[in-house]
């Protein structure tokens, strides 16, 4: 920090780095479980048809129609005060973000499956492949390719949205910066560090997603 | 009068116009024929300044098209052009398509623009399609609308760039009829076309382009009846 | 089944105040969309201008808006500008932050939409004597907005959800802020936020449904 006049100490930097680590951990866990659930929900919705899937569709839609901040506050209040469980904010944050991710992921998966031409699936079945074989060796690999760019966008979106878990007392990157801002009164510098961190992760990966989308849509 | 003097034009290493000299008089109907890549369409887009040229000059009623001080937007009002693709504005009705440039470019009041649009649409036989969106029209109807749209600007010259090439064969006739009508009314026209029969019937002169050069130009009877060059004979044999 | 005593009646007493908050939320969202769409159109023109500087400005805006959290953007407007001695009210900070985000995402949508409009449309407009600006304004832009209608609806929903982030700049007149304030006094967290959630859900559904009806009326071609 020689070229920037700042009161920031090494300890403060470590504090920020831990916040950044928390952001990445919460994101990784939520994207992992959210994707698994999302794939399951997506296949289920496609398989049982729009009528039977209506309740599931409705529930997933709720996650996309109310602010994540409220979802976190509500879940936390429900678990800790209504149910009276002693559970960490971290667990609540991961659970809510996972469900939130799964709601968007289910849409992406369903879109991917629907983009696989039905004639191709009929061809696969007519060759004697079972439903499971068709899914695992024809439909899902193709759907995955179609859905990957959107999924990358979703994962990056979850990373950015994970900034909201501060509301259930999880100290992630932005919250740790805010704590330091309150103490050091250097908002601009600290915020720029945070912004740069998100940007340096998000920008290259988003570019990769855009590249894949262009490449694959040309085939 | 359109005067084209020694015009050269290249796209990268490919020279598409290799020194064209041509004069089109007021009231004349000139058709341009030739194989693909002969430079005939490029010439049209150069005349109204949509494409720059490399050397030579083009004068429209004495105004040099590619001169630095020329107001191209003003010039283009006098030169209507219709393309192979119909280029209907899909978000506007047929009437609105024909009114738009009148209102925004010429600044005509709404009632006047509307009256002119209706007049031109009746002229090309689309008087019953005023409130329809172009997506509902056939290709031939869309192309006639494009002609009406250009005519509504009261141009002195009309350029037609292979206007029937993108049409289904059964729709070609209605568009050619519209062009014949215009020719009979004394409009100055340059038509790039593949329709030899049309060229033979309506033209005052026919120009044959070959590999960026205007190989022959003559009244249709002479050009089709007694072609001078081997290229033209070959071309006519292939299209007959 | 729960040891917890729900007090819905008490929480529902606050409904009028929360509905007032919902109006503020809707107002911020609508204003942020109007500003966001206008700026997105300008950024699109920057990108089409052929000027390196203007395209760079547009790209920087778009990439920052898309690659950092909305929460960060609102922080920057409020505390970051504060570092330069510009102190904005919570309302303005929130509005500008969301508008910044909207503009970035919408400009990217517009870019995609433009790919669906053939170059020959501009050519046809120019050949009728229109200036480049007229060709964009009357021929290209209406089609671009039409193609982008669905993404714009989605962005509107996002804008509504983003208003909740005003809480970090001490905004307390929007739906989330009002709910938070009530919660600080009564501690009926679950009931209050459940009601807020229902209101948010109804607002977003109303917006999506009316957008669909509007699209059916607006785009008949």
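Letters A, B and C name the chains as they come in the text, with residue numbers starting at 1 for each one.
One rule holds for everything that comes next: a residue touches a chain if its C-beta (ideal position, glycine included) is under 8 Å from a C-beta of that chain, and two chains touch if they have at least 3 such contacts.
This structure is a prediction, so every number in the text was calculated from the model and none was measured.
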item: Centrality ranking, top chain (CA atoms only); value: C
item: Pair of chains joined by the greatest number of C-beta pairs in contact; value: A-C
item: Farthest-lying chain, centroid of Cα atoms versus that of chain B; value: A
item: Separation of chain B from chain C, taking each centre as the mean of its C-alpha atoms, in whole Å; value: 46
item: Between chain C and chain A, distance of the C-alpha-averaged centres to the nearest whole Å; value: 20
item: Centre distance in Å when chain A and chain B are each reduced to the mean of their C-alpha atoms; value: 56
item: Shared interface positions of chain B, touching two or more other chains; value: none
item: Complex interface listing, chain C residues touching chain B; value: 118, 120-121, 123-131, 134, 138-139, 142-143, 146, 220-221
item: Residues of chain C that touch chain A when the two form their complex; value: 2-4, 63-64, 66-72, 75-76, 79-80, 82-84, 157, 161-165, 167-168, 176, 189-190, 193-194, 196-197, 200-201, 204-205
item: Residue ranges of chain B touching chain C (in the complex, touch as defined); value: 48, 50, 73-74, 76-77, 80-81, 83, 85, 87, 89-91, 100-101, 104-106, 133-135, 146, 149-150, 153
item: Complex interface listing, chain A residues touching chain C; value: 62, 64-71, 73-74, 77-78, 81-84, 156, 160-161, 163-164, 174, 178, 181, 186-188, 191-192, 194-195, 198-199, 202-203, 206
